[in-house]
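Could you have a look at this structure, given as structure tokens, before my questions?
Chain lettering (A, B and C) follows the sequence in which the chains are written, and residue indices restart at 1 in each chain.
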Amino acid sequence: MLKRKIILLVVIALSLAGLYLFIHMNFQAMEYLMRTRLEKILAMILCAVSIGVSTVVFQTITHNRILTPSIMGLDSVYMFIQTIVVFLFGSGTFVIMQSDAYFFLTILLMVGFAFGLYQLLFRRGQSNLFLLLLVGLVLGTFFSSLSSFMQMIIDPNEFLLIQDSMFASFTDVNTNLLLISAVIIIVLCIYIFRYRHYFDVMSIGRDHAVNLGVPYEKIVKRMFLVIAVLVAVSTALVGPITFLGLLTANLAREFLQTFRHTYLLIAASLLSVIALLGGQLVVERIFSFSTPISVIINFVGGVYFIYLLVRESKKI
Amino acid sequence: MKLIYLFIITVLLAVCSLFVGVENVSFSALWNMDEEAWNIVMISRLPRMLSIIMAGTSLSICGLIMQQLTQNKFVSPTTAGTMDWARLGILVSLLFFTDASPIWKMCIAAAFALFGTLLFMGILQRLKQKDTIFIPLVGIMLGNVVSSIATFFALKFDLVQNMSSWLQGDFSLIMEGRYELLYISVPLLIIAFLFANMFTVAGMGEDFATNLGLPYKYVVNVGLIIVAIITAVVILTVGVIPFLGLIVPNIVSIYRGDNLKNSIWHTAVLGAAFLLVCDIAGRLIIYPYEISVGLMVGVIGTGIFLYMLLRRNAYA
Amino acid sequence: MIVAEKLSKYFGSKKVIQDVSIEVKRGAITSFIGPNGAGKSTLLSMVSRLLKQDDGIVYLDGKDVHKQKSKDLAKTIAILRQSNVVQMRLTVRELVSFGRFPYSSGRLTDEDEQKVSEAIAYVNLEEMEDNYLNELSGGQKQRAFIAMVLAQDTDYILLDEPLNNLDMKHAVQMMKLLRKLVEDFGKTILLVIHDINFASVYSDRIVAMKDGKIVAEGPTEDIIQSDVLKSIYDLDIDVHNISCNRICVYF
């Protein structure tokens, strides 16, 4: 039954990808179009997989279905970096933003931020994950107030550059970076996948998991860092999509009705792919909307989040 | 600290605030009835000082009321999403009620803020996890969701830059004719003072309050309406001032305890003093330019809040 | 054998366990009794490595519990704590299957399936095995969790108030089952139990705790005595012999 549902998702994802590749195909420019579209699809898949996988794991280690790794403040750090660069380099920014070095620097700073949080709390013997998240969120607010102050005083034309980076975009992704990100994301996902059975046990609670021989704290800490790297890579590659993971991780749980992470991880990734590809198709081809897909997904994911909260609180 | 000392310090700060600024206003000029000096004071400096005092006092009281009602030290208009709802409300009023007077805009914003706060309270009451840290986490998530919805509309109607100006609390544009809406908070504060005792009792829970013969729902609603209107008014006139409602009541509670009757005056005065300090510092640091008060409070507030979080065991 | 040496635990500045040393014999039921807040559950949690002690060492068969691999430990010692809330949609059989995790790491062999079925049969939940946990009554849920611990098939079984939520019939069945595990398979069982008569009738040894210390310890007959019980509970308790059992009357 579970396998059949997964196959269904694979079929949908593949057909969307095919559709996206060939819709409105101009056969004179076929080679060029294929290339750019394939790159776009690859960027979406990478982003989708890293966000889907990281959110499922994150929800399992926090024992909470209404949280997503984006809330540890990484998005704000990303925006802060973007704003500072625009602030300092003005119109020369675009060249800088496209460079490989900038990509790695962004990842490094985001991971550094997460690692700092980790050091600050876990090393001091604190093991309250919620506390860590709240501290991350508060620091996130700190960075946003710095960013919005700078955004207020910079040139409105340069503000447009920042506004662009506020929303994830899959166009103009650097091919070189795409391949590097692909390697990092695949390696990390394989690493996570090796722990899938541990996650099953961890989802019935810490005490039971420890009793059954799971090195609980160790896995939580390790996963926290892995998740941070995944989110950082995906954000640096395409930009922030805060609520995609929240949407798809929960849909995966609803759809499969299982606790088995083997299936949950795969399904959440596939659903994310479907959401991005499908969303992009609808937005680009049908409505010819100018709204970036990430804004729409944040909107839908956000509304779904409120629905989850309300429903969660109704069934006591 | 005795209330009277606190009060004197606040008055001194208020006087300082009158004389700080790009246009030099000296005490002797005022004494000699220099017309220009008086104009500056009456049109710009005095309104600024008054609005700082009103905003500081009322936001702190808002925080205090929310913390009492939820019995959670980390709940405030910022961490419960009230600010974000109010912002969404303003956006809606700008989009759909373009010609409405400021009073109407405020009403719409307040209605949104009230709805959001009620939603948060409803969710909170029925949430399974009553973890002190978890509740603000949910609130901030909710806030993020709401602001992403706001972004969705803002982007569609090209109001992103406009929106980000409400992100930034700023008194530099305050002058005669642009701040009077803030006076609405004065009667609300008086009501808050009259209800002070009841908020404490209501915070102990519905059963507890009903047992003592308190009309629970009525008291909670009064509290939330006050919070919603004040938040809306402040955002409309000044902008978002993060964390103020969070840290001021917490500082007071460390040395005055949690009985509202004992702490409400201190909270009110300290709130004004804190905001005056932030504003004066913001005006002096990069003189003759100005750092917005939102950033100042954001930076100082983040520090204090993190300290409180990490030292939580010491007093909470 | 479980040996604890000078265990201490603080919660904040409060000392909940003070220098407790104890030896628990193999192949017997040892019950921990005492008033609320005596530190029984905390002691059990520390013995089973769920909670790290602030001072002292716990030896399990001669080896320090905290120095062993968690996975190996899970094959020797199992614990079930008081409150077991699982929010997931799990069937009884899925829950019990978790008990085999230390052996199979998630991929169940035929032998594992066999053990799971046995464990479910022990607690009489065969008919409910495909029901979801949230459809069960409190007692059935409790039995499902106990089945999970049984499926873990460890030499040592630690149960914190296993009779919670069970009606009289199932409580008696549970205690009989535990006795059987000791007699047929030589398991070692540690219980925290509030019903003093269950403790008296079914355990081999009793450890009485009060204010974070052990105040009495010994074979059941020695502890179930009016004067000893009085010192533990500050309550006048008559002990009667009824059909070879020592029954306490304290109403």
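For the reader, a short list of remarks on this structure follows.
The definition used in the following text is that a residue touches a chain if its C-beta (ideal position, glycine included) is under 8 Å from a C-beta of that chain, and two chains touch if they have at least 3 such contacts.
A quick note: this is a predicted structure, and the numbers were derived from the prediction, not measured.
Shown here, the protein chains touch in a chain-like sequence that does not close on itself. Centroid analysis (C-alpha atoms only) places C farthest from chain A.
Just to note, of A-B and A-C, the chains joined by more C-beta pairs in contact are A-B. The geometric centre of chain B is 53 Å away from that of chain C, both derived from CA atoms.
Centroid to centroid, with C-alpha atoms defining each point, chain A and chain B lie 33 Å apart.
Chain A and chain C, compared by their mean Cα positions, are separated by 43 Å. Contacts with at least two other chains are made by residues 128 of chain B.
Residues 48-50, 69-75, 78-81, 84-86, 88-90, 94-95, 98-99, 101-102, 105-107, 148-149, 152 of chain C touch chain A in their complex. Residues of chain B that touch chain A in their complex: 74, 78, 119, 122-123, 125-129, 131, 133-134, 136-138, 140-142, 144-146, 148-149, 151-152, 155-156, 160-161, 164-165, 167-168, 170, 242-243, 291-292, 294-295, 298-299, 302, 305-306, 309-310.
The touching residues of chain A, counted against chain B in their complex, run 64, 66-67, 71, 120, 128, 130-131, 133-135, 137-139, 141-142, 144-146, 148-149, 151-152, 156, 159, 163, 166-167, 242-243, 291-292, 295-296, 298-299, 301-303, 305-306, 309-310, 312-314, 316. Across the complex, chain A meets chain C through its residues 196-197, 200-201, 203-205, 207-208, 210-215, 257, 259.
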